[in-house]
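Below: a set of structures, written as structure tokens.
Two complexes, one shared chain (chain A), two partners (chain B, chain C).
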Partner chain A sequence: MTMDKAYDVVIIGGGPAGLTAGLYATRAGLKTLLIEKGVIGGQIANAELVENYPGFPDGISGFELGQLMHQQAMRYGLETIGAEVVALEPGGKTRLVRTSDGEYVARAVIIAGGSELSKLGIPREERLTGKGVSYCATCDGPLFKDKTVAVVGGGDAAITEALVLAKLCSKIFVIHRRNQLRASRILQERAFAEPRIEFIWDTVVDEIIGDERLEALKTRNVKTGEVSTLNVSAVFIYIGFSPNTGYLKGLVPLDSAGLVITNERMETTTPGIFACGDIRHNSAKQAITAAGDGATAAMATERFVREQG
Partner chain B sequence: MAKPFDVSDDKFDEEVLRANSPVLVDFWAPWCGPCQPMGAIVKELADEYGDRMKFAKLNVDGNPKIASKYGIQGIPTLLVFKDGKPMRQIIGLRPKAELKKELDQLLG
Partner chain C sequence: MTMDKAYDVVIIGGGPAGLTAGLYATRAGLKTLLIEKGVIGGQIANAELVENYPGFPDGISGFELGQLMHQQAMRYGLETIGAEVVALEPGGKTRLVRTSDGEYVARAVIIAGGSELSKLGIPREERLTGKGVSYCATCDGPLFKDKTVAVVGGGDAAITEALVLAKLCSKIFVIHRRNQLRASRILQERAFAEPRIEFIWDTVVDEIIGDERLEALKTRNVKTGEVSTLNVSAVFIYIGFSPNTGYLKGLVPLDSAGLVITNERMETTTPGIFACGDIRHNSAKQAITAAGDGATAAMATERFVREQG
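Moving on to the complex of A and B:
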């Protein structure tokens, strides 16, 4: 192992939480590495427009917001690699982070891995991903211009993406298992006013139909039990998020949903391991609260590293 | 240093299908968030594998013919062509290490 793979802090995850932690840690003079397995910005990078991050009165694209946060942290020396963490070993004075692209030693680790969009968990979902099944309307929506598509879900992400698709597709069915939306009021009002969006209430998707590409969805009304076939060219799935904490089992306390339990300083009960952002139990799951968590975590980490000497 | 080149609907036949070495084509678009880091990885792969194969980028926005011919319905998607035929399709952003394994396997 070469010395240049040793850091004061390794941050796992490059969303608003991890990037803000990186900004604070580097400004505190800590040698800091950020590991991101996907896109800098994390979940927010997929949002076409972020309207609730203060400081951007006209809104900002989620991808650009992530890039700007990254640039700001890099100004102070944040290093970044693209890799996936496969294991974390707590150890005594240092912690070992194993990744798909080598091993890194850190005095402290900040877990900011956020969450991924949940899958429906039904047959052909995985096989037809990228063949009509999508988790990113901003990416794949334009490939279904003037087509009929479906969105599954009723939260902010589902409705935001349905509104993105309304600018491109001829018809958008929003399939939701309840009879009212969870999304914020302003998004609901926009969606109800959009003539291309039609809501299918109290309904779940049981089956994805198609061999080479998605052709239709088999849906079921949960109140009446009525089963229908809905012909669509694409389905965009936004039924919630699952935390990326598989490799943390047995290492730090997790709640029943797999989220990391911390105190208000973002400390886990395992010394030298901190967690912040959406991956944390009780997180408000907003870019701005994740950023706040990141700052708190970096400050607690700085104190831990200095006390360890 | 080999770099990925931009390929269009019109030039695809000549520059990819009739190329004398395998060609990895990165289907992308400017609106797509995950396409950006994928593009950065493809650039690095071009640098490392450029002596054994070619790397091309096809912007699906403006080149719909090829994208629809190969059934591209999600981006980023990578397609590796050998002797004019698609040999391997990789959908969605993947870590670089995983892509290197794929290429090592393909190149034998």
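Moving on to the complex of A and C:
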């Protein structure tokens, strides 16, 4: 029989949101445990060069940024374990966090598990990520100024990012597997009015071509079966995302995409449960906004723990 | 006659919020001007060591952090001038920004002018700021773990920060010039219940004592005239703050303290005018949350400018 380990705060997820929450919670004198199932840094750990986190004019590797944030929080006493959270049980005074590596009792829980963008699952997608394959136009768009690029997807995220790219790139092909968009009407109207954006309908990407960098996409029309090669400098993939919030169903309010709904203090409607970063509904999905969210969540948590006495 | 200079975005204020907004706006391809009346970095430029901005485990001087953020935004084309904004005129398609150094036309304006905490205005206050004199318990509290400290003030901010310090410091004297608090009832109850907090009523601080570091406070009871010396390691001053929003009256909604009211996308109710950072109502008043706000404001601004066509 293992004893429960008791903390003031358990943070689920070790990306910029969770790490900043850990920094602020420990500095506020709270006994804090951070649980990360993968790599410290979360999604950003995969970014070859982060150019838009303020304070690093030459950019910084995402892996290194995650490590620096982690070191900083550990200086104030943050404890960290590598485990996956399988269940969360709210309670009166405390909450129980069940993980793949034991159970933990916490007075408050900060959910910062991030949200993974869906992959196409095709050859070279993973290897050329950061080398022409991107999941963030706001982050990587400026690298492809005045170049021809492609966007894959037809929802709000895909069309929003295509419009962002239209301010920077000379030509944007939007590749969508259907013959109409899922995106909201206003976004569709703007995209159709933008001369730099050209739609390629009923088409999927079968393969990414390139050795050191992405050079072209092999596409296929799903109605005619016609196969083509599209020369682009980058592809931005927005075919949906999957926040890891299955274990939160019925526990905190989720939106239709499974993201956690909070107020601007990062409080959910369930006492003692907070959420921040990309896993949060309305998140701007940037490292710097996630970090800001994390600080806000920790400050709200500190108030909650103090009020509970 | 000088010609108006036209920009997509004018940002008022060069602290972490304004600088991050500048980074994001320029990276989105917007022609952007930042106007700062004082030192780049804003309030943070005065901080000897910033320990709670994620990414710098050993801390970083506030001045250096401001410079790094500025360099980063300039790499993407941010223009900067030193001037004071004296008036802002909203319009249909554009807004006019009148400054001490000319007029500028902008499609959108981001207000990021910060909020200055009021000073006591007594000997050695300025010289020992960062050396025992502080205006931020969340930032500097951990430096005084298990020490005796003082808080000056009786409003929500003073009592909130005293409660934050009660988790870290062994003893907190709250010095207030009246015999009752202005703080909300719930905060008062918590402070009265906290054994580490002791109130010194009807008392003002006349002088800060110490050469290299703060060593004690010279206090005076305003009713009896009695003068005392209080040995403390630090004093945290919360006697109000004065956001520079006089020129915004009638233009955007302000709260009773003069802070700008926005929604969570940093939009005011006036089209084309956004606000972020400490000048915003409900700001967490931290460098990292201000930076996050700045990114969010720039993303909303980018959408606004794009929609206006």
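The working rule: the second predicted complex is superposed on the first by the 185 of 309 C-alpha atoms of A that agree within 3 Å, B and C clash if a C-alpha of one lies under 4 Å from a C-alpha of the other, contacts with A are read in each partner's own complex, and residues count from 1 in each chain.
Everything that follows uses one rule, which is that contacts are C-beta pairs under 8 Å (C-beta built on N, C-alpha and C of every residue); 3 or more make two chains touch, one makes a residue touch a chain.
The model shown is predicted, which means the values in this text are computed figures rather than measured ones.
> With the two structures laid over each other on chain A, which partner does A:G246 touch: chain B (first), chain C (second), both, or neither?
neither
> Does the superposition put A:G91 against chain B (first), chain C (second), both, or neither?
Neither: A:G91 stays clear of chain B and chain C.
> If we overlay the two complexes on their shared chain A, which of chain B and chain C does A:T138 touch? Say first, second, both or neither.
Touch partners of A:T138: chain B and chain C.
> Regarding the shared-chain residue A:P123, is it in contact with chain B (first), chain C (second), both, or neither?
neither
> Check the residue A:R213 against both partner chains and state whether it touches chain B (first), chain C (second), both, or neither.
In the superposed model, A:R213 contacts chain B only, not chain C.
> For chain A, which side has the bigger count of touched residues, chain B or chain C?
Of chain B and chain C, more residues of chain A lie in contact with C.
> Report, in rising order, the residues of chain A that make contact with chain B in one complex and with chain C in the other.
Common interface on chain A, chain B vs chain C: 138, 142.
> Which of the residues in chain A end up touching chain B in this complex?
Against chain B, the touching part of chain A is residues 37-41, 45-46, 62-63, 82-84, 100-101, 129-132, 134, 136, 138-140, 142-144, 212-213, 234.
> Would you pull the chain C residues touching chain A in the complex into a rising list?
It is residues 16, 19-20, 23-24, 27-30, 51-57, 60, 65, 68-69, 71-73, 75-76, 138, 141-142, 163-164, 167-168, 190, 264, 282, 284, 286, 288-296, 299, 302, 306-307 of chain C that touch chain A.
> Please output the residues of chain B touching chain A within their complex, sorted ascending.
It is residues 29, 31-37, 40-41, 60-61, 67, 71-77, 91-93, 95-98 of chain B that touch chain A.
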